[in-house]
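Right after this note come the structures.
Shared between the two complexes below is chain A, which pairs with chain B and chain C, respectively.
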Partner chain A sequence: MSFTRDMIETLRISMGESKPMAEPKPATTVAAPPKQIFAPQPSASSSKFAKDAAEHTTALVGIGHIGTRYATDVVLQFQAELAVAHEAVYTELPESWARDNGLLSLQSQVSDHHEFLLRPDLGRRLNDESIRALNQAQKGIDVQPILADGLSAVACMQSGVDTIRALEQECKALGMTVGTPMCARYARVWLEDDIGARVNAKVAVIILGERPGLGTGDGLSAYMVYDPKIGNTDGNRNMISNIHQRGTRPPEAAKRLAALAEAMIQQQTSGVNLKLTGKLGEVAGGGYRAPEPRKRLVEVNR
Partner chain B sequence: MILEPIYPEVLSVRRLYDAHPAVLESYGADPAKHRSLGLITCDQDDSTYVALDEATKHSPVDVVFARSFYAGAGHPSGRLSGEILGVIAGADPDEVEEGLQAALRCLEHDACFYSADDSGSIAVFPHVVTSLGHYLSAEAGLNVGDSMAYLVAPPMEATIGFDAALKAADVTAAKVFTPPTETNYAAAWLTGDLYSCQAAAEAFAAAVVEVGRIPKL
Partner chain C sequence: MRLASTIRGVSYSFGSIKEVLAKANDPKSGDDLAQVSATSNVERVAARAVLSEVTMAELRENPVVPYEQDAITRLVEDTLDERAYAAVRHLTVGDFRQWLLATETTGEDIRSISAGLTPEMAAAAAKLMSNMDLMIVGAKCRVVVRANNTFGLPGRLSSRVQPNHPLDNVEGIMYSAREGLSYGCGDAVIGINPATDSPASTAEILTRLDDMMRRNRIPTQHCVLSHVTVQMEALDKLNCPMDLMFQSLSGTETGNEAFGISVELMDEAFDLMNAKGSTKGPNRMYFETGQGSELSSDAHHGADQVTLEARCYGFARRYDPFLVNTVVGFIGPEYLENGPQISRAALEDHFMGKLLGLPMGCDACFTYHADMSQNELESLKVLLSSAGCAYLMSMPVGDDIMLNYQSTSYHDVPSVRLLTDKKPTPEFDAWLSDRGIWDLGQPGPNFGRPEALL
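Then we have the complex of A and B:
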């Protein structure tokens, strides 16, 4: 505690003093600060509505607050889910993956993953090699199913094959002809127009990894368009999102997609002009659905 | 036993939370800036100077008055006089209180004289201020944060000691108080880096003990 005292203590020994120096005075005891300044508060919201709602979504609702801040467990949950999203965006689909899973392998005009993220326009057109590869594909069909990596190769690899195979079966069951199943790398949604036009399909369906959100790095979306051709806009498309084990499961999604494809061919249109009435509305997911508890992809211990 | 601590005794501690402007002015405080005073008397003047400087490191107070009394603690004007009155001034009672607590802690645990001979009739103050506050740094003409060896002993011992200290380490003399001072001791403020100050203080203490052992050479 005292620099000088320590110095003198050493000095007196070197000067021949044998007895130890008298004990220093005891340090003043300082009262310990209170362990917790604020009374512990429950971090979760006390609203029953928020609690009930939180069971049916993976969104961070009903999380309450501590003072003006989030509770620590909420912050950790947020960070864990964000990490999953980052991981999904930066995962690449291996080049051989399509062939290994028995799909026709295609690639957009993008040459690497970095370019894919920065140039959506290149992701909407096939490269020359893929255009040649399309010669092996069936032409003039009703439905052309396309699997793609999109913004989450993780999702594509997890439930992509299940979804596209289920879609094939459902379409055939409804009496439609289905094109050669294919898989495109570095693909954006509008690539379905390019492919669909080249194989002369009535309806093109592209199933691709969706932009990862908090805690959904494994979600697939399916976009479908009647009369695929370059120049179609998003107003011409119908889509189903959140196709994954904790959302719309692949078999159910395939059933809805097939029903939509059938309706498109009947009505000869798609997108905002497609009438989702009656049974189609129900099959396509427009009807009543019983509330379902949702599980999180990652769960931080609380 | 040599070099045994001789602890200072704080004889009185009082506060003037709302001092009269005339008192503030006559004790060197600035009524525009200061309102409260903290006063200490103690039987060791040099320990108290160090303790007052310590107060300026812990609280925004100024040491406005600190004077040793003539002939030292052995001849006080009353039982509470000791050999020094120190006054710190601050803008409010809290600042002064914080400063006083720091000064009292320093007097209890850090700054003290040491006996330089077996009988205890020679006292030496070989104190190292590791980092100066703004009171002693201004008094010594040094910078805040500098290290300083604050060396005090009776006249003969001190003179031999200063010479030894200055020769033992890479230090310079910031100020030397030759005898007689108010208390009839002699003092020197030497400065350098911390370990030079330590070496100087050690050499000083050793020389003072040495003079006590062999007064005539």
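Then we have the complex of A and C:
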């Protein structure tokens, strides 16, 4: 016998021959651990900490733990929220959607959704067909409203039409002329510069889907710029975020946007240079997403 | 200088070291966007072959942004440790990679030459390394610093508690912070990204955090990540406590202009912090970086995003920071498209930062429009801990309710510590044990019980 075979044999004997593991111990009934309920449902949660915290933050705290991991209930809620966010990102605006909703249909230079995510530069310019389509649009107006998919077509389809129609009404009520309402696919914020310059608008407003957060994919943001032209930067823009049924509702957002447009035309500027004094300060608001109560997303029915 | 190589009879030539560095990069959507990447995988290898024969001296002589044009290049060149540089100047990048990986080369050996390396040298080495190469060398490098805690010791993994709130509701911030502490998180820093960038709110949050840390006798550091000028005003005029001062850095002068900072401004901030900061130190600064930020402000000068990221570290090391964090997946898919690119960038950044002498942490994260799964993100946290990463972020279920992205959770930090056999900083570990939160490497009776904290 070789040295190697001897060594293997000796170790085999010392480690239990054919059974390197002992027999498993006999099974006893596994007691179900106490049920842990996802925290934002304070009525069901047993944690006072979770209940108190829910009055101040939507962060998922007081959710307990199993070992160092989440309870099953928390895992399912988390996965549902993640799925909602991803679904919002990957849903595309149907090509016919703009026309079906009475809006002039435009598209950026982006040709598919993958390219849209990777090429922000192409999302900021109209394609040739859309440039031709702008021949049908009114020129030389005060305000050009533009609806767009942005990073959530779901948001665009949910409250987009309500918002852009309300904006038209509010601007007209303040005596401003409003351009042909339009909707752009695969659009980034700065597309408003390209469009606004081509229709010779004083103010361009683009209303588009926000980058979704966990469990939310239906928020719209509106970005406005005075004297739209290629070369404007974010410092030239004003914005209102969080436009949806649970945040700033479309009619309210439209009022604020129209007031901002009026101020931009009066002051002939926008962005950091726009003076938001008095009531306008309230109207302009902050650029931050207000906390929304988290909703329980998963219910098992059996 | 001739920069050419041949693969299967096809020859590839390159116009400059900057081009070689860019084309040698692992694939990144941001390099494609900047139109500096290799056009094929074979060209990428051809560029790496050329790079492997470039010497450290040639890299020093050819920074990706010229000395005359850029304050960061000048800072690196003018303050380079000549003695440390002389020890490596003759090496090719290929030799340097092998020296770093050799068993005989210790972390102490690497530390002795670190101050003689330019960012371009660290980036060049990264381009010749696989992910596991990056991890092996990253784990070797030792960078230990001290504020209240002693941070970066071997066998330790720390975390930042990041209890952000979309309206800066201080009660909400405190609930989230206590939750994180009860999972053993927060030994790197309790750091809040404020929604409102004002000196008053910065001072208010810091004061409340300071109270909470005193009440519970927590050995850690606090920080509010507002713009550095806002923190300077809060510290100087409002006299608030401030353990760490924060700023985002860029790898070029124009990139830093877009962040509203300069070397002179950061020098001033550093002096103020040394005079009035509330820890004993000596390390009092906290910086964040991330591949792609230069291109996003059109300040990339035709260079690739890995080399530009290394240049952020060349800037950061001037201030002996307590923490440096690469916020790797935050910038979005136009710079790092998917899980493999985000993971690769995390390991590159950690390696380059450590090599250049910085206490590196990583915000392993994705935005919801990047193509990365939750499982890939969890795997990355284990990779980073194995690679010796000093700290991870932490927040409730990894969900930042203000910044809307997915990062590390309060539950992930103790999980990764268990998997990779790591402890918190010694000071914090003693506190956790005393409070029954984490003891002898296991959850204690008060683990996950924030009600036990005041």
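The definition used in the following text is that the second predicted complex is superposed on the first by the 208 of 302 C-alpha atoms of A that agree within 3 Å, B and C clash if a C-alpha of one lies under 4 Å from a C-alpha of the other, contacts with A are read in each partner's own complex, and residues count from 1 in each chain.
As a working rule, a contact is a pair of C-beta atoms (placed from the backbone, for glycine too) under 8 Å apart; a residue touches a chain by one contact, two chains touch by 3 or more.
Keep in mind that what you see is a predicted model, and the values were worked out from it rather than measured.
Novice: Per the contact definition in the header, classify A:Pro212: touching chain B only (first), chain C only (second), both, or neither.
Specialist: Second partner only, chain C.
Novice: Among the partners chain B and chain C, which is in contact with a greater number of residues of chain A?
Specialist: C
Novice: Tell me the contact category for A:His86 with respect to chain B and chain C: first, second, both or neither.
Specialist: It touches chain C, and chain B stays clear.
Novice: Quick one: classify A:Arg69 as touching chain B (first), chain C (second), both or neither.
Specialist: After superposing on A, A:Arg69 lies in contact with chain C but is clear of chain B.
Novice: Looking at A:Phe78 after the superposition, I want to know if it touches chain B, chain C, both of them or none. Which is it: first, second, both, neither?
Specialist: Second partner only.
Novice: So in the superposed three-chain picture, is A:Val61 touching just chain B, just chain C, both, or none of them (first/second/both/neither)?
Specialist: After superposing on A, A:Val61 lies in contact with chain C but is clear of chain B.
Novice: Just checking: does A:Ala53 make contact with chain B only, chain C only, both, or neither of them? Give me first, second, both or neither.
Specialist: In the superposition, A:Ala53 contacts chain C only.
Novice: Do chain B and chain C touch any of the same residues on chain A, and if so, which?
Specialist: Shared contact residues on chain A (touching chain B in one complex, chain C in the other): none at all.
Novice: Which bits of chain B are touching chain A when the two form their complex?
Specialist: So the residues of chain B in touch with chain A come to 1-5, 7, 105, 108-112, 114, 126-128, 130, 198, 201-202, 205-206, 209.
Novice: Could you please specify the touching residues of chain A with respect to chain C in the complex?
Specialist: Going by the criterion above, the answer is residues 47-49, 52-53, 56-65, 67-70, 74, 78-79, 81-82, 85-86, 88-89, 117-121, 151, 211-214, 286, 288-291.
Novice: Can you tell me which positions in chain A touch chain B when the two form their complex?
Specialist: My answer: residues 1-5, 7-8, 11-12, 15, 17, 19, 21-22, 24-25, 27-28.
Novice: Using the touch definition from the top, list the residues of chain C that touch chain A in their complex.
Specialist: Against chain A, chain C makes touches at 29, 32-33, 163, 165-167, 169, 171-173, 175-176, 179, 183, 195-196, 333-334, 337, 367-369, 374, 395-397, 399, 401-402, 404, 406, 411, 414-415, 418, 443, 447-448, 450-451.
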